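Some structures to go through are shown next.
Shared chain: chain A. Partners: chain B in the first complex, chain C in the second.
Now for the complex of A and B:
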């Protein structure tokens, strides 16, 4: 019986019927990106038709975790600078955040913080396309949102299990659903045709040793998650710092001095992101007022 | 240093960071004491938040240093056997103590 339930959860999460709005525009943009005759201006125009989305995208693009020295004011330059995969992921996260609204500002803050840390580590470790890794940080917990949307009853049960058994969210998910949000996030990212560099880190952020093709990007995301938890910057139902994967830690090869510098840089940048989420909170308050 | 919304700003607070327009132009340098006119201008220019020295705005439910340190202790309580994380905890605590000293000073 229990096994049937788990198969049912798996199916519901794979189908994700309740994550609306994004497939239309994302599918259209994906088609355009594959067509060699499409210009970035044309793609920018498609996005600008949705004013709210366009504004949110530019806000995300200009936030501290990408750290461009000058303001990016057009969507077409954003596409050139960040690449289509990043823009696509940002569209997804902008839409998802709308769903989370005020109910989960904590998770949004945790995601922003993880993006900041991932960006700093990716640049420091000389990874190619660091923006993709920071974007993975932004959407790494998207599986949690999917569970909340698709399986609200089970989601409540997971929260209760976290509270009752004093275990982490991922452990509680494995108990209740037989799988965790990282696995679900991996399916979603794969379903949206995001590249391996995003899919693997998301799918393996709690078990980095499972990463086969992107071990460094995965290690960066894993440690960014741990670091942001350590700083207590946005957390979910469970507040604890998750265990550190030995494989990931060795992959990163950070010394004590490195860690000090990273911490300094992350805290400095979190200030800017803090402003970013203050804005969002103010917007939400205005909305509900 | 505290990050506040422009609506929370008041005359006499001192900027801890440059204030920039959304285009990246510097409007006002750090260490400048704020005036009502400046705050009004920031709001008009849709600058949402600024960083000020010290910790002038009391946030409801804000924790004392002791509470913050206890929270850090609790967050790390399940990874006591992991040396890199214990180092991380030690440094986060030290930085927390330092930042609170700055605020009081």
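Now for the complex of A and C:
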């Protein structure tokens, strides 16, 4: 019986089409797109701060139709290859939350915070392409948005379970759906032909020991996720900090002194994130004013 | 099965779309331009039929024109008969018009005609969909006849042959497509209406920009190429900075990784009367550029109007 349900949930989630994002960010980008002096790079910088639009951009550039399936993992490359007009069309066609809840903003902040932490760790650990790990950090919770939009009844049940049983959202999802948002995010990314280097860290970010090909990137993403949650930064209805995996911690090989420095750098950078978040909210107020 | 996308209120009855469906067309119908743009972006149709009065009509037209892969998609605009003659076709760059109310007979003929015309499309390169040699020579010819000075820029991928041998021709095609997209997107952003891009063939491209934009466009093309290039190389090759392959004589030779060379011929001092002279000048300059290591562009300053 449970297996049948799982197949049904899977089918529903597969059909997910136009995931919504924050109206403020779309308003800001629309304003930028109408300004003839805006450059593609400037728009790219803003898109790189939104997990939904970033995922859409990667989906688009990796679709068979644009000719580079499973190749493009970097947002700056995607922007160069798609060009201004395609990005403008992407923004026009973007859908926004009709009823925005504070948890939507928090999940967005959490995603951006995780990307910031992942970028700092990737640079520190000498990863060749830190942007790639940071991008995985940005879109790692895309599965949560898909569950919320496609399975609203089950999503409410998951939220109740989180509160009642005092467990993490991933655990509650496994109880209710038989799968968790990491798995969902993983196969969404795979179905969108995103490169394996992004798919595996996303799919394994709650169970890093399952990562076979990208253990270090997965460990960085897992740790960044836990770290940002631990700092109390944007939980998005997932109120309990998930446990840190021993496997991932050993993979990172960080000392206590390293950790202090990482923490300091992350906290410094989170101020920028907060600033951007306020900027986005102001954008919305300007628009409605 | 051809997919037709109808955006807005093109048809006032069910009948025409039923006939189209019965004739094997797949019909996609949208009442909002936002939804239609999403489809054009993610899964483009074979033909677009747009109601001129649809809010966001221009955005949809721009979306359809934006991408290389879609340059062959015919666009039909449905309009009211009144005011038809005063429409600005530069603004509405569509392939045909349908006058409302649209009857089945007329619609059917126009769709068939648009498809047939598409099959006749002249010399576009099948891979990049960019204009080929006939259009390129025409573009050069009309450029040298202009009063203002332009730069005719020949782009060539260095070490493309050994790349193809090492990675296979399908990956080689991806690199060609990447370069095509980079050039088109830079032109779109920097030079918009004042530029031309063509695909000479293989790994050779050409673009034409006003002389004052030569430096900016060349620099951007090369910088963007540097950002994207490594995604098309294995980590080992990037680390080694070169690859060893057999050369044309079968000897093992070290080749540099992919790079771009651009040879720029300014038309400013009006010494050219025929397009062939420009390509001759370019091929001489190209040998010089290619001797330099890595990605470079060289402008033939002797011919610059500002020397």
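Just so we're on the same page, the second predicted complex is superposed on the first by the 194 of 289 C-alpha atoms of A that agree within 3 Å, B and C clash if a C-alpha of one lies under 4 Å from a C-alpha of the other, contacts with A are read in each partner's own complex, and residues count from 1 in each chain.
In this section, contacts are C-beta pairs under 8 Å (C-beta built on N, C-alpha and C of every residue); 3 or more make two chains touch, one makes a residue touch a chain.
No experiment lies behind these values; they were computed from the predicted model shown.
Peer 1: Let me test your reading of the model: by the given contact rule, A:218 touches which partner, first (chain B), second (chain C), both or neither?
Peer 2: A:218: touches no partner chain.
Peer 1: Between chain B and chain C, whom does A:119 touch in the aligned arrangement: first, second, both, or neither?
Peer 2: neither
Peer 1: For A:226 in the superposed arrangement: first (chain B), second (chain C), both or neither?
Peer 2: First partner only, chain B.
Peer 1: Using the superposition on chain A described above, determine whether A:60 touches chain B (first), chain C (second), both, or neither.
Peer 2: second
Peer 1: Taking the superposition as given, does A:134 touch the first partner, chain B, the second, chain C, both, or neither?
Peer 2: In the superposition, A:134 touches no partner, neither chain B nor chain C.
Peer 1: Could you tell me if A:71 is touching chain B, chain C, both of them or neither one (first, second, both, neither)?
Peer 2: A:71 contacts both chain B and chain C.
Peer 1: Check whether A:249 is in contact with chain B, with chain C, with both or with neither, and answer first, second, both or neither.
Peer 2: Touch partner of A:249: chain B, not chain C.
Peer 1: First (chain B), second (chain C), both or neither: which does A:86 touch?
Peer 2: Only chain C; A:86 stays clear of chain B.
Peer 1: Would you check which partner chain A:263 touches, where first means chain B only, second means chain C only, and both and neither mean what they say?
Peer 2: first
Peer 1: Taking the two structures together, which residues of chain A meet both chain B and chain C?
Peer 2: The answer is residues 71, 73 of chain A.
Peer 1: Which residues of chain B touch chain A in their complex?
Peer 2: Contact set of chain B toward chain A: 1, 3, 5, 17, 22-24, 48-49, 51, 71-72, 74-79, 82, 84-85, 87-89, 91-92, 95.
Peer 1: Please give the residue numbers of chain C that touch chain A in the complex, ascending.
Peer 2: 33-35, 37-38, 40-44, 56, 59, 62-63, 65-67, 69, 174, 177-178, 181-182, 184-185, 188-189, 224, 227-228, 231-232, 235
Peer 1: With touch defined as at the start, can you tell me which chain A residues reach chain B in the complex?
Peer 2: Against chain B, chain A makes touches at 62, 69-71, 73, 226-227, 229-232, 239-244, 249, 254, 256, 259-260, 263, 267, 271, 274-275, 278-279, 282.
Peer 1: Quick check on the complex: what are the chain A residues that touch chain C?
Peer 2: Counting only chain A, the residues touching chain C are 17-18, 39-40, 59-60, 63, 65-68, 71-74, 76-77, 80-86, 88-90, 92-93, 95, 128.
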